[in-house]
Amino acid sequence: MLNRTADNVARATPEPLARKVRGISDKGLAWLFISPTILLLLAINIFPLFWAIYLSFTNFRANRPNEVVKNLGFSNYQRILGDQDIWIAMQTTAHFVFWTILLQTLIGFTLAWLIDRKFRGHAFWTTLILVPMMLSPAVVGNFWRFLYEPQIGLFSYVISFVSGIPPTNIQMLSNVSLAPWSIVIVDTWMWTPYVMLICLAGLRSIPEYIYEAAEVDRASNWRQFWSITLPMALPFIMLAVLFRGIENFKMFDMVNLLTGGGPGSTTEVASITLKRQAFESWRTGYSSAFAIILFVAVFGLANIYVKALNKVKQR
Amino acid sequence: MAEIRVQHLRKAFGDFVAVQDSNFVVEDGEFFVMLGPSGCGKTTTLRMIAGLELPTGGQILLGGDDVTMLRARERDIAFVFQLFALYPHMNVRKNIGFPLLAQGMPSAEIRTRVEETAKLLRIDHLLDKSVSGLAGGDRQRVALGRAIVRRPKCFLMDEPLGTLDTEFRDLMVHELRELHNRIRATTVYVTHDQMEAMSMADKIAVMNHGVIEQFGTPREIYDRPATMYVAEFIGSPPMNFLKFGGGLAKGASEILVQGAKVAVPEVREDIAPADMALGIRPEHIRFDDASKLRGSIYGTEYLGTTQIVAVETADGIIKARVPAEIRLNAGDHVGLALNSARLSLFDKGSGRAVKTAIHDTASERRAQHG
Amino acid sequence: MADVNIKTVTKSFGDHVAVNSLDLHISDGEFVVLLGPTGAGKTTTLRLIAGLERPDDGTIEIGGHDATALSPAERDTAFVFQQYSLYPHLSVFDNLAFPLRSPARKIPEDRIRRRVEEVAKMVRIDHKLANRSTKLSGGEMQRVAIGRALVRKPAIYLMDEPLSSLDAKLRADLRLELKRIQAELGATMLYVTHDQIEAMTMADRIGILADGVLVQIGTPRKIYSEPANLHVAARLGQPAINLLPAGLLPDGGAPVGTKTIGARTEHLAIEKAANGHADGVVDWVEHLGDQNHLHVTVGQKKLVTLTDPDTELAQGDKVVIRYRAPLYFGADGQRLM
Amino acid sequence: MKSSLKLALGLASAALASTAVSNAAHAEDLTLCWAAWDPANALVELSKDFTKETGIGMKFEFVPWTNYADRFLNELNSHGKLCDLIIGDSQWIGGAAENGHYVKLNDFFDKEKISMDDFVPATVVGYSEWPKNTPNYWALPAMGDVVGWTYRKDWFSKPELQKEFKEKYGWDLGPPATFDQLKQIAEFFQKRQIDGKTVYGASIYTERGSEGITMGAMDVLYSYGFQYENPKKPYEMEGFVNSEKSAKGLEFYKALYDCCTPPGASNSYMGEGVDAFKSGQVAMHMNFAFTWPGLQKDENVGGDKIGYFVNPKGPDGDQFAQLGGQGISVVSYSDKQESALKYIKWFANKDVQAKWWSLGGYSCLNAVVKDPKFPASQPYAQTFLDSMAIVKDFWAEPSYAPLLQASQKRFHDYVVAGQGSAKDALDGLVKDWSQVFQDDGKM
Amino acid sequence: MSLTTAHSVVAPSANSKRIAGAIIIAYALISIVPLLWIFATSFKTPPDSIAYPPKIVFQPSIEGYCNLFTTRTRQTPEYINSLGPATGICDETSRKRNMVIAGPSNFLPRFVNSLIIAFGSTFCAVFLGTLSAYGFSRFKVPLADDLLFFILSTRFMPPIAVAIPIYLMYRELGLSDTALGMILLYTAVNVSLAVWLLKGFIDEIPREYEEAAMIDGYTRLQAFWRTVLPQATTGIAATAIFCLIFAWNEYAFAALLTSGTAQTAPPFIPTIIGEGGQDWPAVAAGTTIFLVPILVFTILLRKQLLRGITFGAVRK
C-alpha cells in the first residue's frame, strides 16, 4: 500500500541534501561547545592563579609599579605561618564557621523536618523563609548594623524588651564578647534557609514506603527518626555543611560591613586580614602567598570532607 | 499464623470510592491473591489489612481480633513492598534484623535469627553486603527475609515481582510458592499479572473498580468466570465472545450463534430476552470444516508447540489456540468447532455469567459477589 | 525501501566486544527480528545500522550503497527507541511531523499535515493529534513513536524493543498491528527484542544473537524445530525445552556423540505406567488456565511439558516416557543431524 | 520559561542602551572625587558656577570617609579613569607623587601665575608638597582641616550644672584647657539626665576600618609628647613612638573611651560623631573642623547652643592638633587633564575661594583667612585659625597605608578591645612600623 | 498508586501538621521582620528612623527616596531663599531641613550598572554553561572529569584571593572599573556552577531524543537546538536564577575591582551617608529598591529555584 503522498513527502533524503545534513563533526562540535568556557576559565581563573603563585614568591606591591621586584623564595610563606595575628584570624574564622554551621544545621534541619509535614500553605511559608538567602549579604549586612544599634536598633530593643536588660548594655557590635555572635546571628538568619532547603531535599528523597516498611516492622516514631530519617538525610546534611563551610570560610562581605573585623581584631576573619594586606597595605606578594595558603587549606579540607561524604553516601 | 476475615470493608478518598463493601476470608496458611488492573482497589485493600491505611467502614479481623482501626505497628503483620522498600543505608544484615531491633530483641538473638532466615532464603553469603549493590532477585529475597524473620501472623505482598525482568519473574514465582509451601504462612498477594496469580494462588479474588468480581480457586476462575470482566482479564489470549440474542429457558442446551446451532452446557436459570454473549477460551476451538460457524484466517502467531490463529468472523476476530503443525494461510476459510462442555454464557448487559451445568460441580464453593 | 547488508561488522566498547564480526542481510520488505538477552549486542547492531555508532571493522550497505561512513541523517533509516520515544515538549502532531520538518527536507507544511494525518490514522491516534505527548497512555505513546517512524519512507525501520514497556494485553494487540502495518507498507524492518513470543509471532526471519555473535538465522519454524545448538533451543518455547542427559530415558535413535537430548512437549509421549515399569513420577499438574504444565521428575531431573487441561494424570502417578524424534546435541552443544 | 529568558535579555539590552546614551551625552563632563561629607556637597553647589562659566559639566564621586582611602587609592593604583580631579588626603601625597598618580602642577602654576605663597604655609606643606619642604607641588590646597572640639554651650552655661561642677572639681565649667580638664568635664556629663535625656561625656574617634582611631589617638598623643621618629635620625622610633609619655597619652585615650563615650561607640568616626552631637547625646565632640559649618547651622544644636575649642594641652603643656584637609590634584590617568586644570585655575580664584568659605568649605587662601573680617565671619573661624597653627600630620610616606594599618590595629586592640597595655600597643607599633620601613629599604 | 499513599497512616497527623505549621509560620514571620523593617524605614523621616523606642507607627514620608536619588547641601535660610521657588517635592522636603539639592546622587547609575552586569553575566554564563554542559554530557571529552573538577574548584577560592591577580590583570588590560570586566569575571565565576548544574539537567535528558532527531535528518547542532534545549528550559531557568542571584548580590569583587563607572549597587548602598553617619531612610530606600528585583524573581521562579538547589545538592 504505497501511496503517493508518502512517496513524495517521505522519500529518502535526496542525495544533494545529504551533505547539508552532515553538519559539524561530533568532535568539532564538542570542542566548539566546550572551548569558550575553558578559555574563559583559563583567562580569568587559571592564568591569574598562576600569576598569584608567582607573585607569592616576590615582594611585589601593586601600588609601586616602578619598584624592582625581588624574588623572596619562601619567605612570604614563612612570615605568614609565623605570624601570630594570622593564626588568630584563622582561629576566628574557624570559630565563626563552626558556630554558624552548627546553628544552621540544627535550625535548618528542624525547619525542614517541620515543613515536611506538608501542612496547609507550606509552600508559601517555605518561599517566605527562603527570602533572606536571596539577598545580598553586603546590603543586608549593612542594614543589620542599624538593627544592632544599642540605642535605636530594633534588635537591641526587642532583646531588651524581652530580657529587661537596658538596650544600652546590648552592644552587639562594640562588645568584644558579643561581636562574634552578632555575625553568627546574621549569617544564621541568612543561610539557615539554604541548609533547610537541602535538608528538605534530603527528607523528601526518603520515599514514604520506607516509613511504611518501618511501620510494619513495628518501629516507634523515635526509632524511625533515628534509624531512618536521620541516617537517610545525612548525606544531604553533610552536603549542606560542606557548602556552608566553604562559603563561610571565604566569608568577607557580611563581616566586612557588619563589624569590619572589630572591635579590635575580635571578628577579623581570614578574608578581612587578606583584604587589608592586599588592598589596603598593598603587600601584593605577601597577600598572594596568604591567598594560596587559604586556597590550599579550603581545597584540602573540602577534599577530605568530600571523601567522608562519599563514604556515607555509599553505605 | 492466623486467618484474615474482611467484612464489609470500604474505603473512600473524598468522592472516589476505592473499595466497596469487600468481604472475604483468607484461611490460615492460605496463599491468597488479589488480582486486578491498576486502580481497582486491590492495593488499597491490602494496605487496609496491613494498617497502612485506615478504612472508611467495615471490619478487619486478624486471627479473630478486631484490628480495623489499629496502626500497622500495632498489628502483627509483615508487608513486602512493590519497590522492596529496603533501607538503603543499612546492609543486608541490618535490613533483615531491623524488625527485631525495633522490637528491642537482644543483639545476639537478632544475629542468630537473621542468619537462620538468610539461610532459608539462600542469601547468607550476602549478609554484609550493601543492599544498593544487590541484583533485583536478591533484593527481593532480602525484602522477604525482613518479612519472615519476625514470624508475623500473616504476610502481605504488594506486587513484589512487578519490577523484575520477565525471565527472572518466572523464577521468583516458583521460589515464592516453594517458600510458601515450606512455611505455610497466611499470605495476601496483590498483582495485576494473571500468570503470577494462576501459578501461585490457592485462592484468587479478581477485583475491578473497587469490587471483588469473583472469589475462588484459580481453576474456578479460569473455567467458570463469574463475569465477562473476569473472563477477559484471565487468559492469554483472553476469552472470545460471540454475541447472540434472545432469552434462555432453564434446561436449554443449544443456542443460535451467527445462524449456527451451538451446543452449550445446560442452562440452569431462566433468562429474559436480552443481548447475550457466548464465551469460548481459545484452546476450546478446533477447526472443523463441517462446522457452520465460519470465518476466514486473519493472521497467525506461531508459538512453537502451538499457534494462535486469529479468525475473522461476522462478529469480529476470534482467536483460537491450535497445534503448530496445522498449516494455515491468511484468507483461508475455516469452520470453527467449539468444545461445548467448556462454554460460558453471559448476560451482555450486566456481564454476569448465566448459571449452567458447568457450575454444578462447584456450586457449594461458590464465590461471594461484592 | 531497500535492503541492508551488514558485512563482518565488529564493534567493541573498551574490552567488551558488543558485536563480533556480524554478517546479516535483510532483504527489501523483510521483517527480521533479532532475539537475544540483554547485552547480546542487539541494540548495538541497530545503532550501527542507524549510524549512531561507528563500526570498528566491516561495512554496512543500505540500498546497495556503502553507508559505513555516513552520518545518521544521511543514512535514511527510521528508529523506534525502547523508551523516551516522544519529545515531551511537543504535541502528538508535532512529534509526528518532526522528522518531516528536518531543515534538509524542506517539505511544505500542508504536505506535512496531510502525511501526518494519514499516518495518525494508520496507527489509530488521529483523535489525539492535538494532545500533549506527555498526556498519553503507554500504548498511545508507543503508537505515536511507531507513527513517527512511519511518516517517512526510509530505507529501513529499526525498532528497539518498542513494546517492552507495555503490559501484556497491549503488547499482544500492538504485535498484531505492527505486523499488519509492515505487511501493508512492504517495509523493510529490523526489530530487536528479548521476548521470544514477539520474535516468533512477527518475524519473517529470526536471528538469534548471543554475546555479539549471530548464532542462527532463519524462519521461526526453522529456528524452533531445528535449532543450531543448545543456546538457540533454550531461547524458544514455553515451557522451555527440557534438556536431558543422554541415557536418562531410552533413546534408541540417538546419533553417535549425543550428549544432551532436547525434548519439547511434542517430542515426548507420556503415559500412565501400566505395569511395574515407570520412568518418572508426576510432581504436579499446574493449571495456568490457557496452559497446563505437567511437571514430572525423572531421576534427578525435572521435566515440564504442556498437557491437556483435562489430563487424567495426577500428582504421584507413575509414568512411562518415550521420545518422539527429539533434538540431539553433541558435547559442544551443537545439534546433531 | 522562554518568556522569562526573553524578559531578562530585553532588560539587559535596554539597560545597555540607556547607559550608552547617557555616556555619550556627557562625554565632556569632569568627574571630581572626594569624600562624602558636607564640604563636598557645598563644592557641588559651588561648582555650578564653574559649569556656568565654562560649559564643562561636573560629576562627583563621593565616598564616605571610612571607604575613602580604600576606594580611591584602589582606583589610583588600578590606573582607573574614573576621577579626573581628586581631592586626595594629605597622607597620600608621597605615594601619589612617587607612583605617578598625580600630575605635577609646578609648570601649570607658573603659567597661570598661581603662587603657593598665597596659601597658608601649613596647608602648602601638608597638602601640596612632596618631598616635604621642597617646591614640588602635586596639588592645590583645597580644604583646610584640623581636629578640634565642639561643646554644648547651652549645657555648660546651665547655672545648676556650673554650681555642681565647681563644687566637684574646684574650677569653673567651661572649655577645657588641658586633657585632664576635658576628662573631668566628660565624666561630669556622663550618663547625666539633661532635659529628660541621658547624655554622655564626649564623642571621640574609635573607628577601626580606615583611619579613625589613629586620628583620634594621635590628636591626644602629640600633646602628650609622642614623636614619630628621632628628630636627628629619621626612622628611629624606639623611645619616641613608644616613650613613656606616649604610653600615658594612649592610656588617657583609653580611659576617655572607657569612661565617657556613648554606648556602642566602638567604631565611630566623623559621621558617627556628628550624629552623636546632633542628636544631643554628647557634651563634647572631637571632630575635624569641616563639621562645624553644618553643626552651626543645625536647627537643634547649632546657633547659640554650640561652642568650639582648640585641642587642649597635654600634661607638659604641649599643644598640637591632628591635621586634616586635602589638596586638589589632577589624576594622571585622566583623558581630560586640560579641563581639569581649568577647574583648578578657576578654583584658585579669590572670589571663588571666598564663596567656598561662605558655603561651608575651608579656604586655604591667605586672602580669605587673613582678611581682618575673617575671625568674626563665623563663630568657629577663630578656633579654626588657632588650630591650624598647631597642626601635626601622620606619616605622609608612600607606605602610609601599611603604617596606618598597623596603628589602627594596635590602637583599636588596646583602646576598644582592651587587649594588653598601652606600652605593649606602642611597642608593637614600633615593631610593625619598623617592618614597613625595612620592607621599603629605608631602615 | 499515588492516590492511596497520600493517605497512609505514616502521613503526619492533622495535629502534628498544625503544630509544625505554627512553628514554621512563626519562624517565617520573625525572619522576615528585618526586611519589613527595611521597608518601613525607607518611608520614615531621618528623625523617625533613629527614634527610641523604634517607631512602628509613623507618618510615611518619601524623604528617604528623595535623599537616595539626590545630593544635598546644608545652607543658611538666606542662601536658600535666594535660590527661587522649590522645584518638585524632593526639593521642598530638603528645604524644610535647610538643605538644597545640589544634584543627582550616583544611585541610579549604580543600579543600572547592577542590571547590566548581573543580566549580562547571567546570560553569558548560562549560554556558555549550556554549551559546555552539553559537550561534557554527550561527548567523550579527554580528561572530562579533571576538567569538570577543575571548573568547580575555582569556586573554592576566597574572592579576595582571586581578586588580587585579576586586579593586576585588569589594570594591564584597561578592564578596571568597566562593565565588560565585571561581566567577564562574574561569567567566569558563574560558569563553573552553570556547567555543573546544567550537566546534571542535560544528563537527565535521554540521548535518544537527539539520536532520533539525527536519524530523522537533523544535524547534531539542529538536534541540540530542537530537542535538547526545549527540554532543558527548567534547568536553564534554575541555573539562570542562581547566576543572577550571585551576580546581583556580589560585593567583594565589585568593591575591589570597581570604583565608579562600573560599580554595582551592593558596594554603593552601604556608602550612602547623610550629614553624619548613614542616612538610614535613604539606605533603606536603596536597599528596598535593590531587593525588589530579586524578590520578584524568587517569587516568580520559586519552583525552578527549589529544583535547582536541591538538584545541585543531589548531584554532587
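The letters A, B, C, D and E name the chains in turn, as written, and every chain counts its residues from 1.
Note that contacts are C-beta pairs under 8 Å (C-beta built on N, C-alpha and C of every residue); 3 or more make two chains touch, one makes a residue touch a chain.
Note that the structure is a prediction, hence the values are computed from the model and not measured.
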A-E or A-D - the one linked by more C-beta pairs in contact: A-E
Furthest chain, CA centroid comparison against chain C: D
Chain whose mean Cα position lies farthest from chain B: D
Centre-of-Cα separation between chain E and chain C, whole angstrom: 56
Whole-Å separation of chain centres (CA-atom averages), chain B against chain D: 92
Distance from chain E to chain D - Cα centre to Cα centre, in angstrom: 35
Approximate Å spacing (C-alpha centroids) for the pair chain B, chain C: 28
Residue numbers of chain E (touch at least two other chains): 8-10, 50, 167, 171, 217-219, 222, 256, 278
Chain D residues counted as touching two or more neighbouring chains: 74, 77
Residue numbers of chain C (touch at least two other chains): 71, 73, 76, 99, 102-105, 152
Touching residues (chain side chain A, partner chain B) in the complex: 207, 209-210, 212-220, 223, 227-228, 231-232, 234, 314-315
Contacting residues of chain E [partner chain C, same complex]: 206, 208-209, 211-219, 222, 226-227, 230-231
In the complex with chain E, residue positions of chain C that touch it: 47, 50-52, 71-73, 75-79, 81, 83-85, 87-90, 98-99, 102-105, 148, 152
In the complex, chain B residues that touch chain E: 13, 16, 18, 38-39, 43-44, 47, 51-54, 71-72
Contact set on chain E toward chain D in their complex: 50, 71-76, 79, 97-98, 100, 102-103, 106, 109, 112-113, 115-116, 119-120, 122-123, 167, 170-171, 176-177, 233-234, 236-237, 240, 244, 256-257, 259-261, 271, 273-278, 300-301, 304
